[in-house]
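Structures follow.
What follows is chain A paired twice: with chain B in the first complex and chain C in the second.
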Partner chain A sequence: MDIGDCYVGWATDEDIRTRGASGGLVTAMLAAALEKGLVEAVVVLKKLGEFEAVPIVTSDPEEVKATAGSMHSVPIVLSRYLEYGTKVALPAKPCDARSTIEQSKRGQVDIDTTYIVGLNCGGTMHPAGTRDMLDVMYKLDPEDIKGEEIDKGKLIFETKDGEEHAIKIDELEEEGYGRRESCQYCAVNIPRMADIACGNWGVIGDLAGKGTFVEINTDKGIAILENAIDAGAVEITPADDKGKAIREKVDGAMMKVAAAADEKYLSPIEGSHLDYYMNALSDCINCGACKTVCPVCACGEGAKCTEFSSASDTYKMSLFHLVRFVHLMDSCIGCGQCTDVCPVDIPLTHIYRRFAEPMQEEFEYKPGMDMTTPPFFGVDLIEEGH
Partner chain B sequence: MAEATAAETTGTDEWQPKIVMFCCNWCSYGGADSAGMGRFQQPPTVRVIRVMCSGRMDPVFILNAFLEGADGVLFSGCHIGDCHYVNGNYKATIKYKFLKAMVNELGLEDERLKLDWISASEGERYAEVVTEFTEQIKKVGPSPLKPEGVV
Partner chain C sequence: MNENIFTTVCPGCSIACGMYVREKDDGTYDIDWRKDAVVNAGKLCRFGVRLSANLKAAVSKVDGNEVELSDAVTAAGNAIVDGAAFVSVGNTTCEEHLALMKLAESKGAVVNTGMGAFSSIPAECHSTMGVGVPLDAIESAKKIVLFIDPYEQYPLLVRRILASKKNGATVTAVGWKAVSLADDNKTIDPANYESELDLDNDSVIIAEINPSTDPERVMVLLNLAKASGAAIMFMKPFVNAVGCDLASKKTEQKSLDQIIAEINDGSIKTLVCLDSDLIEIMPDETAVREALGKLDNLIVITSRASAITDVAKIVVATEPLYKKAGTVVNAEGRALVGSGEGTDGIDVVGAMMGQPVGMYDEVHAALLATLGIEEVDERVVPEYEKPDYAAMDANPTAEAVETALVYAGGPFFWNGMVDDNDFVEMNLDMVTASSLLKGIPARIVSDKGEVAIKYKVSDVAPGVVLSNVKLPMTTGMVTSVTVSR
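Take a look at the complex of A and B:
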């Protein structure tokens, strides 16, 4: 097994295979990592309801197996749950993986003991927004929903009486529902920065729906997959070229959609920029939630943004936000959590992206993709000849 | 130039900008001294704050200066290659790039922020930089971020 190899795999356990998405490979792999002692803990998502899940840390393989099945949650801020150096495996959307890598750069997570099992992601939906959408767009009671599915560009909800209700995602997003805004313009769909990238794109023929496409990205990725094979928990077969091509095609199509959304949402501000930002930030109640959830903020209590600003400031703009703007110019991964948690609905991710995108482009630096230091801190002095 | 500025500073009603200038201890602050000793005329618009190195410049300082009512912020250090701390001024250029982009996106005029290199012997240049920057700020007028009640 080498870095860059692609396989299609599935769980050997009948129960995991049927309950888990795409053959339950990820669930089986995580459980096997725990059983064989490759890791001490696994972070999984525990379902709270049809629309919500919370990340939990567990050392019990049975609990891992119980969480089989696809579920989305907010990006995981790993350093909040675990002590530095804990051997851990976690399933991760691209933004989870990127946030974990960024935390490792800041000394919050030990990347060498963290196995990131990447999951393809085409976007997530906010639980509260989804309830609203069901009410307004589908005219359904959120409590009646049994399952959800995306097929051929349509978002399909299945109600308890077995009926399916479908509306085109484009239509939903036109109305301001559907995927979170930050997901709509996120162009990272396949988590190649993770140790191993898993997903159902590129699984074709008889295996469609029953297998998971796996791409090995690092030595740790080899370790966790081989461990699962040795334990007899999963079976794999090399992926064929047609599958690989289809996966690339899906990725390319998603990236095109993201680029269009990027243009739509992040079009230049008309009129005065200053008025726009002052207006947007004028509602801020200084709760600090955006900083608390931010996966790339490792500043802790004595952070510059909070230390130098106070609620009694009479400035025209909050220094807290201005400092965060600068901070996030080189490190924002666009996960969208700040917008999610803001109690007064300031479109923070949107604003951060406005500042971050031009700079990240200029420095050709995309945070969270590898262990490269951010330009703000990483002055390459030798290259510059000083 | 020198006469014109001198006339302006003596009792005309023209609006005078407030400029915060950060000078590094080893070069630019010495440059300010040289300007004084050489009696080079310069407008009294600048409030100098000494920092040990231009690399010490924190974006917070500059943002806070604007919020407190500065119409313009100048920051200055040793010429590239002359830094007392080897590469502090190089670090300053990186921060400057970020701050410049930030100020532009925020909607403040591009002219309000400037980074320049002034060595300890360049008293005349110090006076020139200050005079030019003051003229520049006078053209764009008071800062829109100035708090109410601050002149």
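Take a look at the complex of A and C:
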């Protein structure tokens, strides 16, 4: 097995294979990593309801197995739950993987002991928005839902009576539902920065819906997959060229959709920029949730954004936000967590992207894609003679 | 490596925002956002975000010495005698409140929630005063009148009011300080509310009842709601104030001021407080401390270490709210349960009555009967009867002081905690007249003392020094002061 190899794999355990998405390979691989001692802990989402799950850090393989299945309505970034020094694995959407890498650059995560099992992602939905969407667009009671999946551009809900209800995602988003805004313009769908990238794109023929396409990206990726195979938890077969081409095609199509959304949502501000930012920020209640939840923020309590800011000195927009917009220009990955938790619904991710995109484009630097530090830091180090 | 994660509600105010508490091996905890929570979609205000830094566990004590819980319970059982007074403002579950009611009843007493307005206003109004409207109804209102500052007092209302504006509502704020989301900020004589506000049955009035609220002011607002047909929602500062009020509805109750007065005149010698810190809640901390010092027995049953646990004769420490089995009813009237299974708080009260462990099922069943439901479903607000009531003669007390320090009273205030927002607000005229300079604290003096504190220029009513933190030189929610450099 080498870096760059692609396979299609599935769990050998029938229960995991049935409950897990696309053959349950990821669940089986994570559980095997614990069972064989490759890692001490796994960070996963423990399902509490159809639209609710809570991140847990567990060393119990059975608890990992119980998490099988995808949840598009639980938009949580798991990297915040990693602890330095613990040998740990996590299933990682691109934003999970990218923020883990950014945290590693800041000494918060030890990348050498963290196994990032990447998951393809076309976007997630906020549970509150999902419930509204079910009511308004699908005319369904959210409590009647027993499962959901995304297939061929449609969001499909299965009700308890076994019926499937599908609407095109484009149509949902036209009406203001569907994926969170930040997911709509996120162009990273396949987590190639993860140790191993998994998903259902490119699984064709008899294995469609029953297997997971796997791309090996690092030695750790080889280790975690081989560990699962050795444990008898997973079986694989080489991916064929047609499957690989289809996967690339899907990724390319998703990137085009993201580019269009980026143009739609992040078009230039009309009128006074000062008015725009004052209007957007004037309802801030100074809760600090956006900083607390940010998966790439590592400054802690003594951060510049809090030290320089006081509510007593603020008129409509606080120095807290202004410092953060600038400070996160190089590291914002657009995960949407700040918008999700803002108690007064300020579209914070949108604003962070307005600052971050031009800078990241200018320096041709995309955070969290690898362990390369931002270019200006690199220049400083070279000039210092290091 | 496994964690204890609890689904619970924020104890900061009567919105009762859903959250997770992630407890670590060393007993400390972090909060996490519960995005599927029906009340708040996972969003939290400053108080909720910082909860783990704010709330510390209580320790059982007798006469200042740490003891085992069972020893504290025995001491409390012996000390609670006939004639004791009981207070539970609503900082714990309905089930614990009901358990305390049984204990109080066994001593010929009632449990006081401290909301004086309820005992001063006819009983047929209590349901309207207690249970508000579903938060969704705020979003669909055509007109909203605010008698609170949502940003400071009930921050999770802000997004609901902003949503209503997006839906075309107009918002009028009547209060000490201009509210930036309001289309119109007004100072109105209560006698003219009806004519100036022009409300109808698509309108929602949002106000507050707290232990210091003037009942006459509540009557004026009830009259306004009745005359206009508008819905009315009285927010409360305590997470389960509504639930405790519903549980206590048939009992005659005393205000906290009355209780302090009766301690001072010697008619109350033993006071039992269930998760209720009068030192934190009442504005004149010095006066409360002096009164509590006159008691023979101050018995505090609580999950949280606070000012009152330092002065109590007996502290019976129970599990934190997130670990408790039981129900909270928020300002909407929505019943909420967490994943906690602890019944220490009920069992200790049972033990004080000589009852065996296991009263939870009995009090929980009693609560469901009170709410008229068979089980708690957070997505369904129980139906409450709101009887018609007659218009009342009401004459709110005029705050006739030239310069007044006024408390806004947000979650940090009611929990007696220092907040980052440790400054007062006043308008530019007062800043100029007081010769204040940028960067130099304002000196605020009352009959009781003085304080130097940062200030901010805001659109505050003339003569008002607005504070979100409790200052030591105050005597009430409104204190006559002078301001100088």
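Note that in this section the second predicted complex is superposed on the first by the 360 of 386 C-alpha atoms of A that agree within 3 Å, B and C clash if a C-alpha of one lies under 4 Å from a C-alpha of the other, contacts with A are read in each partner's own complex, and residues count from 1 in each chain.
Basically, a residue touches a chain if its C-beta (ideal position, glycine included) is under 8 Å from a C-beta of that chain, and two chains touch if they have at least 3 such contacts.
Because the structure is predicted, anything quoted here is derived from the model rather than measured.
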Greater chain A contact set [chain C / chain B]: C
First, second, both or neither for A:Phe355, with chain B first and chain C second: first
First (chain B), second (chain C), both or neither touched by A:Asp262: neither
Contacts of A:Asp60 with chain B and chain C, given as first, second, both or neither: second
First (chain B), second (chain C), both or neither touched by A:Leu319: first
First, second, both or neither for A:Gly49, with chain B first and chain C second: second
Touching partner for A:Ala41 - first (chain B), second (chain C), both, neither: second
First, second, both or neither for A:Asp340, with chain B first and chain C second: second
Common interface residues of chain A - those touching chain B in one complex and chain C in the other: 313, 316
Chain B contact footprint on chain A (complex, rising order): 272-277, 304, 308, 313-317, 319, 322-323, 325-326, 329-330, 354-355, 358-359, 362, 375-376, 379, 381, 384, 386
Chain B - residues contacting chain A, complex: 58-60, 63-64, 67-68, 80-81, 86-87, 90-91, 94-95, 97-99, 101-102, 105-108, 144-148
Sites on chain A touched by chain C in the complex: 40-41, 46, 48-49, 51-52, 54-60, 63, 73-76, 86, 126-128, 143, 282-283, 285-289, 292-293, 310-313, 316, 340-345
Residues of chain C defined as touching chain A within the complex: 1-3, 5, 7, 20, 32-36, 40-46, 48-50, 151, 155-156, 158-159, 162-163, 180-181, 379, 420-421, 423, 454-456
